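Next, two complexes with chain A in common: one pairs it with chain B, the other with chain C.
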Partner chain A sequence: MLRTASFSGQVGLITILEAWEEAKLDKADPSRIGLVIGGSNFQQRDMVQMHEAYADRVHFVRPTYGLTFMDSDLVGLCTEQFGIKGISYTLGGASASGQLAIIQAIQAVQSGQVDICIAMGALMDVSYWECQAFRSLGAMGSDRFADEPEKACRPFDRERDGFIYGESCGAVVIERTESAISRQITPYAIITGWAVGMDASRNPHPSYEGEVQVIKKALEQAKLSPHQIDYVNPHGTGSLVGDEIEIKAIVDCQLSNAAINATKSITGHGLSSSGAVEVIATLLQMKESRLHPTRNLESPIEESCNWVRDQSITHHVKHALSLNIGFGGINTAICFYKI
Partner chain B sequence: MKKYNQSDLLITGLGVTSAIGQGKAAFTSALMKGQHNFGIMRRPGRQKETSFLGAEIPSLSYPERLS
Partner chain C sequence: MMNKEDIFRLVVEHTREVLPELEEYNIQPNDRLVDLGANSVDRAEIIMRTMESLSLKVPRVELFGAKNIEELVELLYEKIQSV
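So, the complex of A and B:
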């Protein structure tokens, strides 16, 4: 299976396997397991390479391209490998895809479509075309730090000038207690609240109102006041406008006292995967009672926030809030509670 | 599991692969140390006329079950 899989597919299989084994899903009924794959256009780099290789001999194109150019190839690949027979589909939400997939998986379990649902933020394998377009759009960082690449990715710092891409993939298993109990699993956390809200705007710039709306909705569903949140994992890409708007929304929602860092300062921005990977970072930090540092946060754009700066810190997190924003005017938020 | 209500929605498994590590242990360790993997991206199909900064997965380790 791995031999014929794209790079996104290989990384997806490896990532799901880790979550699958931890949740002991071999013991679960495969017809009651679902898989929601967050993201779209996973295989752009493969496609560029293939187009270049066959440009002068189109008749000889690899027949399996008819499968692999579609995002649903990941659905087929992963459901076949693991024997998943419940539901499965891909879900595009740009940089909010990972969190959107988690929210869809929650709803699939809530509605009884399946008992267990895996949400994956898949690796978006970008080519030079996407990189150049993102840079031209002003979203991706410039080559200002070409000689010092370690300094380029700097969310929430005054010297930031755009996101820096980072390959990643994350998978999260979601189910109710009644489903998990028979397999004797120790859960990471309870999902207490979530929200999706649209800006009704195609503009790549996020909206303050959209951000505030999802933060408030998620807290309301979790029945939490802002001061009960111990930790915020923000979207925090390093974009000039996005970081300003997001931190203003966080401050105005009275979350300044919660500890905050930026996972992308270490991982880079995985685009479709980032929401899932940052939820995983949130849950692992909750488990460890330790928060990771924020790289390159030398001069924060908002001094009033409780930043974790250049060193990790011990911090017991009971309630955490994770945020994502995607092109297309998509805002998402999820609250977690660790007993 | 006694502390959880039957209807609670739980996270019961995690998997992660990234430029800073494959698997939760490597990922967590790198996160806590702030260990990055940023550099000029070298994967075929990511450079033409110009290059871009980013963080690429150094290598994949293939579990036996998938081989």
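So, the complex of A and C:
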């Protein structure tokens, strides 16, 4: 199956395998397991390669291209491999896809559709066409740091000039606490609040009001005051406008005391995967009581925040807040509580 | 021009590409792809890769009906004679 799967499909299978084994899902009823795959247009690079390879001999195009060009091929691949028989579909939300998938998985468990729901932020395998368009749009970083690539990815730093793409994929398993305990699993954290809000805007520029709204809603659902949040994992891409607006929303929501770093400074921006990858980064940091550095944060755009800068720190996190923003005016926020 | 042995070798090569688990298995002319673990998508992929290697531009439906690899080789051989 791996031979005819796209790169995103191969990475998705391996990622779910890790989550499956850690969560001991072989012990669970497959008809009560669901899978929500966050993202869309996963296989752009494979598509371009296929089109270029077969441009003058379309007759011989690989039959499996009839499967792999569809995002739902990941649903087929992963449900077949793991025998998942609950619900499964893809869910597109641009750079908020991963977190949107997690929120959808929470709701699938809450509503009783399934007992366990895997949420994956799938790898978005972009081609040079998408990279060029992201640049033309002013979202992706320039070649200013071409000779020092390690310096190019610099969220929240004054010298940033756009996001830097990074391949990634992440999957988390969502279920009720008692369901996890029945398989001798210690949950990483409890989800206490979440929110999704739209800006009603196609413009890729994020909205201050939209971000403030989801932060407040998530805190309200979690019954937390901003001062109780010990750690914020922001969207923080390194985009010129996005970082400015996000940090203003964080400060104005009175979250300046919480420790803050930027996972994308290490991973790059995985687009559809980033929300899930950053939730995993949040959970791992909560588990270890260690916060990772923010690479290249030499001169923060906002000095009043409690940045984790060039060194990791020990920091006990009881309540964490993870944020995402996606093109299309999508804002998401999730609160986690460490048991 | 390819003879039947050459075409058989191509089918074996492409079968192993799609089903790498057959690397150690000695594929025989009377083997059926379905018995070797090739599902319908795998079979379509193996046949199309072979057609590509042979530059054989015929609708795939014209290659339906082979009961085993030997019959598939026969069909492919007939087609390359006639185009």
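Just so it is clear, the second predicted complex is superposed on the first by the 339 of 339 C-alpha atoms of A that agree within 3 Å, B and C clash if a C-alpha of one lies under 4 Å from a C-alpha of the other, contacts with A are read in each partner's own complex, and residues count from 1 in each chain.
Rule of thumb we're sticking to: a residue touches a chain if its C-beta (ideal position, glycine included) is under 8 Å from a C-beta of that chain, and two chains touch if they have at least 3 such contacts.
The structure displayed is predicted, hence computed values, not measured ones.
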Superposition on chain A - do chain B and chain C clash or fit: fit
Partner chain(s) touched by A:Gln132 [first = chain B, second = chain C, both, neither]: first
Touched partner set for A:Pro30, first chain B, second chain C, both or neither: neither
Chain C versus chain B, contacts on chain A by residue: B
Touching partner for A:Leu67 - first (chain B), second (chain C), both, neither: second
First (chain B), second (chain C), both or neither touched by A:Glu288: first
Which superposed partner A:Thr4 touches (first chain B, second chain C, both, neither): second
Partner chain in contact with A:Pro149 - chain B first, chain C second, else both or neither: first
Contacts of A:His59 with chain B and chain C, given as first, second, both or neither: second
Smallest separation in angstrom, by C-alpha atoms, between chain B and chain C in the superposition: 9
Footprint overlap on chain A, comparing chain B with chain C: none
Complex contact set, residues of chain C against chain A: 17-20, 41-42, 44-45, 48-49, 51-52, 57
Partner chain B, residues of chain A touching it in the complex: 1-2, 10-11, 13-23, 25, 45-46, 48-49, 81, 106, 109-110, 116, 118, 123, 126-128, 131-132, 135, 140-141, 143, 145-146, 149-150, 152-153, 164-178, 180-181, 184-185, 187-191, 263, 265-268, 270, 277, 280-281, 283-285, 288, 290, 292-293, 295, 310, 312, 336, 339
Sites on chain B touched by chain A in the complex: 1, 3-20, 22-24, 27-28, 30-41, 43-48, 50-57, 60-63, 65-67
For the chain A and chain C complex, residues of the former touching the latter: 3-4, 57, 59-64, 67
